[in-house]
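I have a structure I would like to understand better, so I am pasting it below and will then ask my questions one at a time.
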Amino acid sequence: MSNNKGFASDNHSGVHPDILKAIVSANVDYTIAYGDDEYTERAVKKFKEHFGDNIDVYFVYNGTAANILGLKTVTHSFNSIICAETAHLNVHECCGPEKFTGCKLITILASNGKLTVDQIEPYVVGFGDPHVAQPKVISITQPTELGTVYTLKEIKELSDFAHKNGMLIHMDGARLYNAAASLNVGMKEITGDAGVDILSFGGTKNGMMFGEAVIFFNKKVSKDFVYIRKQGMQLASKMRFISAQFEAFLSNDLWLKNARYANKMTQLLHKELKDVPQIKITQKVEANAIFAIIPKKYIIPLQKEYFFHVFNERTSEVRWMCSFDTTKEDIMNFTEIIRKTIAEK
Amino acid sequence: MSNNKGFASDNHSGVHPDILKAIVSANVDYTIAYGDDEYTERAVKKFKEHFGDNIDVYFVYNGTAANILGLKTVTHSFNSIICAETAHLNVHECCGPEKFTGCKLITILASNGKLTVDQIEPYVVGFGDPHVAQPKVISITQPTELGTVYTLKEIKELSDFAHKNGMLIHMDGARLYNAAASLNVGMKEITGDAGVDILSFGGTKNGMMFGEAVIFFNKKVSKDFVYIRKQGMQLASKMRFISAQFEAFLSNDLWLKNARYANKMTQLLHKELKDVPQIKITQKVEANAIFAIIPKKYIIPLQKEYFFHVFNERTSEVRWMCSFDTTKEDIMNFTEIIRKTIAEK
Amino acid sequence: MSNNKGFASDNHSGVHPDILKAIVSANVDYTIAYGDDEYTERAVKKFKEHFGDNIDVYFVYNGTAANILGLKTVTHSFNSIICAETAHLNVHECCGPEKFTGCKLITILASNGKLTVDQIEPYVVGFGDPHVAQPKVISITQPTELGTVYTLKEIKELSDFAHKNGMLIHMDGARLYNAAASLNVGMKEITGDAGVDILSFGGTKNGMMFGEAVIFFNKKVSKDFVYIRKQGMQLASKMRFISAQFEAFLSNDLWLKNARYANKMTQLLHKELKDVPQIKITQKVEANAIFAIIPKKYIIPLQKEYFFHVFNERTSEVRWMCSFDTTKEDIMNFTEIIRKTIAEK
Amino acid sequence: MSNNKGFASDNHSGVHPDILKAIVSANVDYTIAYGDDEYTERAVKKFKEHFGDNIDVYFVYNGTAANILGLKTVTHSFNSIICAETAHLNVHECCGPEKFTGCKLITILASNGKLTVDQIEPYVVGFGDPHVAQPKVISITQPTELGTVYTLKEIKELSDFAHKNGMLIHMDGARLYNAAASLNVGMKEITGDAGVDILSFGGTKNGMMFGEAVIFFNKKVSKDFVYIRKQGMQLASKMRFISAQFEAFLSNDLWLKNARYANKMTQLLHKELKDVPQIKITQKVEANAIFAIIPKKYIIPLQKEYFFHVFNERTSEVRWMCSFDTTKEDIMNFTEIIRKTIAEK
C-alpha cells in the first residue's frame, strides 16, 4: 500500500499516463502562444465531436475559473444566480463569484444537493424591480457535490423553467464524466441537449494535470468570454499543454473509461461498507463519492491509513472519493482497516 | 529550419527538458491537493535559497495573476499604482488590475520603459485628501517591456522614494532571470535587497510549462494572499506540478543558464543587425529583446520565415526575442534572410 | 382624506416642518464644501451627545449607502457577512453589497426577522481555510424589516458571540429611533453600549429629506471610510444641508417624539384590526409596522383608498407602516374602510 | 463683505431662492417613493423640453455618481474610457470609476483640458485583441475642468470619430449651462445634437441643493441604468425633492440666467486682473473659472479674505470661480485686495 493513497479527493491523484504522454508529445517546436495553435484547434474539434458543432469552447486553468468566468460572461453585476447551498460555487470558491461578477448567490437548502423547480420558484421574482437583484442564472452541479446525479428529466425541468423565465442554466461539470458514466449516456445528452447554456467541464479530477473548459451551447452569450478570460487571469500562454491534454482526454474514450472505473470502485467501496452498522451512508451513491456518518473516534485513526476529508464536523459526516487510479486493493485494504478499527474500539 | 521557430516571444518555446523531467518525476503517488505537499515544501525551500529566508512565496498559474493578486494583496480599492505606460500591467492585462483591485493605474511615459523618481514625484500627492486616489505602489518591470534593465542603483532610488512616502515597490519579474544574468548579480540583490516589497517571479518565459510565483519580501503585507489567490481563481489543485517545475528551475543554475543563453543569443542577433543601415535599433539591448524600426515592406516577408511581433504599427517598430532554445543557426538563418530580403526589395 | 395618504412606507411622507426650517436656515452665506463646515461640526457634536464621545460619524445620502459603505470599510473582498434572509441588505439593495464589497452574504431564515447565535453558529466556520469566505460581520436590523425589535439582551448575545470569534456587529438602524422608542431606552444603550461596532443611522424615514449617518463605535476600523465614501459616490458637496437636518433631528427630542408618535399610531392601528377575523397579524407589532395576511380580494380595493405594499404575493401578506405624520383620523378612516370592504365582499 | 464669500468653487454657494421655494412647495402630502411621483414626471418633461423627446433621463444625488453610473451602464469591465488627464473622472473621484466599472481610464495630457481626435487616435487600437482593454467611451467635460469650452465643431469631430469606431461619447456636464451660456446655444445643440450619447447634467454648481441627472441620448444603451443606480446606492427615496429642484431649475430660464450671470462675473474678474503683471492667466476664460499663476507669497493672505483653491502647488497656479451669487462688489473688493496685497509685498 502506498502510504499516500487515500479517498480524500480525485484531485489527489496524479496524471493519467496517456495524458502525460500527450503533454510530452506536445513539447516539440515553437507554437504561437495563447491558443492560436494546432493543438488547441484539434482539442476544440474533439469537443465538438462530443458536444456538437454548435458550441463555443474555451480553456482555462481550473474549475473555479471555469465557473466564475462562465457566469461573469452571461451576467450583469445586478443579477442573481440561484444554486444549492452545497454548491462548490457557494462554499468553496472564497466568494470569488461575488467578487468577480458582483452578483448575489441565492442559495437553496437541498438535502441531496439537487435543485428542483419548486424550490427555486419563490426566488424567481422581482423582474423589473430595481430594488431587487434580477434573477438570471440557475447553476447546478452534475454530479452534485453530494455525489448524486441529476437525471435527464430533472435537468430538462430546470432548463425549461429557466428559459421560460428568460434565465440561463449553468452546469458545474467538474466531474461531468462521472455523471455521464453513471447515467450511461453521452455528455451532450445531459448538457446542451438538455438545455444547459453554459458548462464548466473539468479534467483535473479525472486524470488531467490542469486545465478546464467553458462550453457555451448558447452562442449568443459567449462573445465577451475571451476578454473576460484574459482579464480574469486565465489565458494560458503555453495553451498547447492544456489543449494536448484535452485532446487525449477526449480520445479513445479515456474520459469515459476513467470515469466508469472510478464509479465502479466507488460502488465496490459502497458494497463493502453499506452493511456495516456503525456506518450510515447519507446520500445515494451515484457517481464517485460516498458520504457517510461514522463515529468520531474512528476518523483520525482511519485518516492515518487512508486520508479523507470530514465533510461536516458537527455530524461527523465524511466523504470518500474514488479516482481513476484507485485500485481494488486500496478498497479492500481500506475496508479491512475500517472493520478492524471498529472491532478494536 | 523548423518552420515554427521564430523571435516572437520566449513563450512560444516549449518546455525545457529538465523541467519536463521534473514534471514526469512528480507523477507518482497521491499528494494532498492545493499545495500542502512535499514538492511545494521543497520548491519553497529553493526560493528561500535564492531570495532569502525571510520571504513568503506563493504559486499561481501565470504572470498576469502574479501581478494582479500581488497588487490586490497590498492595496485598498481607493489606492493608485504608478507604472510605466508600457507596463504589461497597463497594456496587456485587459484592465484586469483595475477590475480586480479597483485601483487607478497612473501611467508614466517612459521612453526606455524605466521609471525615475523625477517622473513619479508629481503623482505622489494628495495623501489624506478623500477626493484623490491614495498613492500606494510603484510597479516596475525588470527587465522592462522594452528590453532594458534597471541598475541596482536605479531600483534603490525608487524604493527609497517609495518607502519614504509610505508606499511599496512591486516588481514584475516575468523575466527577472534575464535581468540578473545581464547585470551578473544574484536575484536577491536586485529584488529584496534593493527594497522590492512584492515580486512577480516568472518561469514560463524561461522554460517552464506554466506557473509563476509571488514573493513577499515584506511579510507584514502578505497575510491575505492565500484568500485572494483562491478568490482570484489561482489556487492549483495539483499544485505539485507547478512546484516540481520551480524546484528544477531553481536547481543546478538552470534558470541562470537558460537566461544567460537567451541573453547571449540576443547579443549575437544584435551584433549581426546593428550595422544594417535599414534597421534602426531603438532601445538598449540589455536582456533578451531587441526593438527595431524596419521598413514596413520587409515585415510580412520576414514574418513568414521567422515569426515575430510588430510592436508599433505606426512607427513600424518590431520586437525580436530570443529564448533558451534559440539556436545560433536560427540567428544566422534569420539574419541572412533579413539581408537577402533587404537586398531584393 | 388626502388621497395621497397611505401606509406604504414611512418614506412616502414629506419632511417634518422643523427639519425643513433647519434646511432653510442653513441657506445663508458660503460654506466650504464636502463637510468641512460649521453645520457638520455641530451635527457631529449632536451625534456624540446621543451616542457617546468615542465615535466616528460620517454622513451619506441614503440608507443603502450607509449599509454598503460601512460594511466595505470593515471587510476584505474574501469575507462573509451573515444576515437574515429578510435583511434590506439582502433583498432590497440590488446586490449592491456583493458588487461593492465582494463579500458573500450568508442569509439565515429567520421567521421574525431576528437572528440568534444558534442559527449563526454553523456558518461561523472555516477560519484560515482559503477555500472558504472568511466570516467577518453579523449584520442585524433594528427594528427588523418585519417590525420586530431586538431586546438589549438579544443584541448583547450576538455581539458577544461576534467579538469572541473576531467578528464585528453591523446594525442597520434605518429606523433605530422606532426601536429606541419601543424599548424606551436611549439609542446608545442598544448600539455602542450593546456591542454594536458599525451603525447605519437613518433619518429619511422619520422626517428628514435625505441623509443618513454611518457611526463607528469601534474607531480602529473606521479610518478608510472617508476614501470609501468618496469612491462610493456619497460625498455630498453641499453637506451642510444634510448636517443641518441631523442637527434639528437630534435636537429637542424631535427624533424621539416622531418615533414615539409613529409607534403609537401603529399600536392604534393594531388595536383596531387585531380582532378582525379576516385579518391575521403575522408578526409582533413592536415598532411602526404591521404585517398581516388578508384575503387577496381586499387588497386592490383597499390600496385605492390608502396605498400600501404587498409583502408577499404568495401568502397575501401585506405591510402597513405609520409615520410621524400619520393622523388618528387616517387610522380611523382606514380601519373603517377595511371593515366596510370586508362587510361588502 | 461676508467673510464666507470666496472664489473657491461654485458649490460653496447655497441654494438659489427659487430652488428652495420649489423644495418647500414640494413638501405637501404623501408621494410614492423612489421616483414614481408627479414631481419627477414633470421634471422629466422639462428635461425633454430642453434636450428633446428622445431621451431617457434619471436622477441621482451627485455628479460623481452621474459620471460613474452613466459609464457603468454602457461599458463592460474590459473596456477602456479615454479622458483628459485633468478630467474630474480621473483626478477627483478617488478611483471610483475604476472600482465601479472595472474599466481602465486612458488619460491624455491636454494642456487646455480639451481632447482632440489626433490625441486620442493612438489609443483607439486593439479591437478584438483580448490582451488589450477594448476602447469604448470617450469622456469629455464641458466646460472643461480648466474653464475652457469645446466648440460645437470640436464636439462633433470627437463624436464622429467615436461612432466611426463603435465607441460612445460621454460628457461630464457638471456645469453644462456655463458652456451653453458661453457659446450662446441651447443645451441640446452641444449635447445630443452634437453626437453626445450620455450626459452627466449637473445642478448643484448652479444653485441646486443636491441632485444631478444622467441623460441618455442613445436609448439603446440605457436599459440597465435603473438597476445600476439602485445597486450604486443612488436611488433617492424622497425623489420628489430632487425632481422639484430640477423642475424649477429648468423653468423660466433659471439655469441660463444663473449661468450667464456667473460667466459675466467671471469676465469682470478677468478684465480686472488680466493686466496685472504679477498675475499670469493660464487658460482662456470661457466659462466661470479663471486659472492664474500668482506669486506664492500672495496666496495665503488672499485666501484669508476670499477663499480659493490652489490648483497646482508646484507652479503656484490658482483657480477662481464665480457663482450665481457672486456680486459685483465681491469682485471689486477682491481685486482691490489683490492690488493692495501686491503693492505691499
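Per-chain numbering from 1; labels A, B, C and D assigned in written order.
Just so it is clear, a contact is a pair of C-beta atoms (placed from the backbone, for glycine too) under 8 Å apart; a residue touches a chain by one contact, two chains touch by 3 or more.
What you are looking at is a predicted structure, and each value in this text was computed from that prediction instead of being measured.
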Most distant chain from subunit A by Cα centroid: D
Between B-C and A-C, the pair joined by more C-beta contacts: A-C
Chain centre separation in whole Å, for subunit D relative to subunit C (CA means): 33
Between subunit A and subunit C, centroid-to-centroid distance (C-alpha), Å: 41
Whole-Å gap between the CA centroids of subunit B and subunit C: 51
Per-residue multi-chain contacts in subunit C, two or more chains: 77-78, 93-95, 99, 102, 130-131, 134, 227, 230-231, 235
Subunit A-touching residues of subunit C, taken from the complex the two chains share: 77-80, 90-95, 98-99, 102-105, 107, 122, 125, 130-134, 313-314
Subunit C - residues contacting subunit D, complex: 2, 4-6, 8-9, 11-15, 20, 23-24, 26-33, 60-65, 68-69, 93-96, 99-100, 204-205, 209-210, 227, 230-238, 241, 307
Of subunit C, residues touching subunit B in the complex: 34, 76-78, 102, 130-131, 134, 224, 226-231, 235
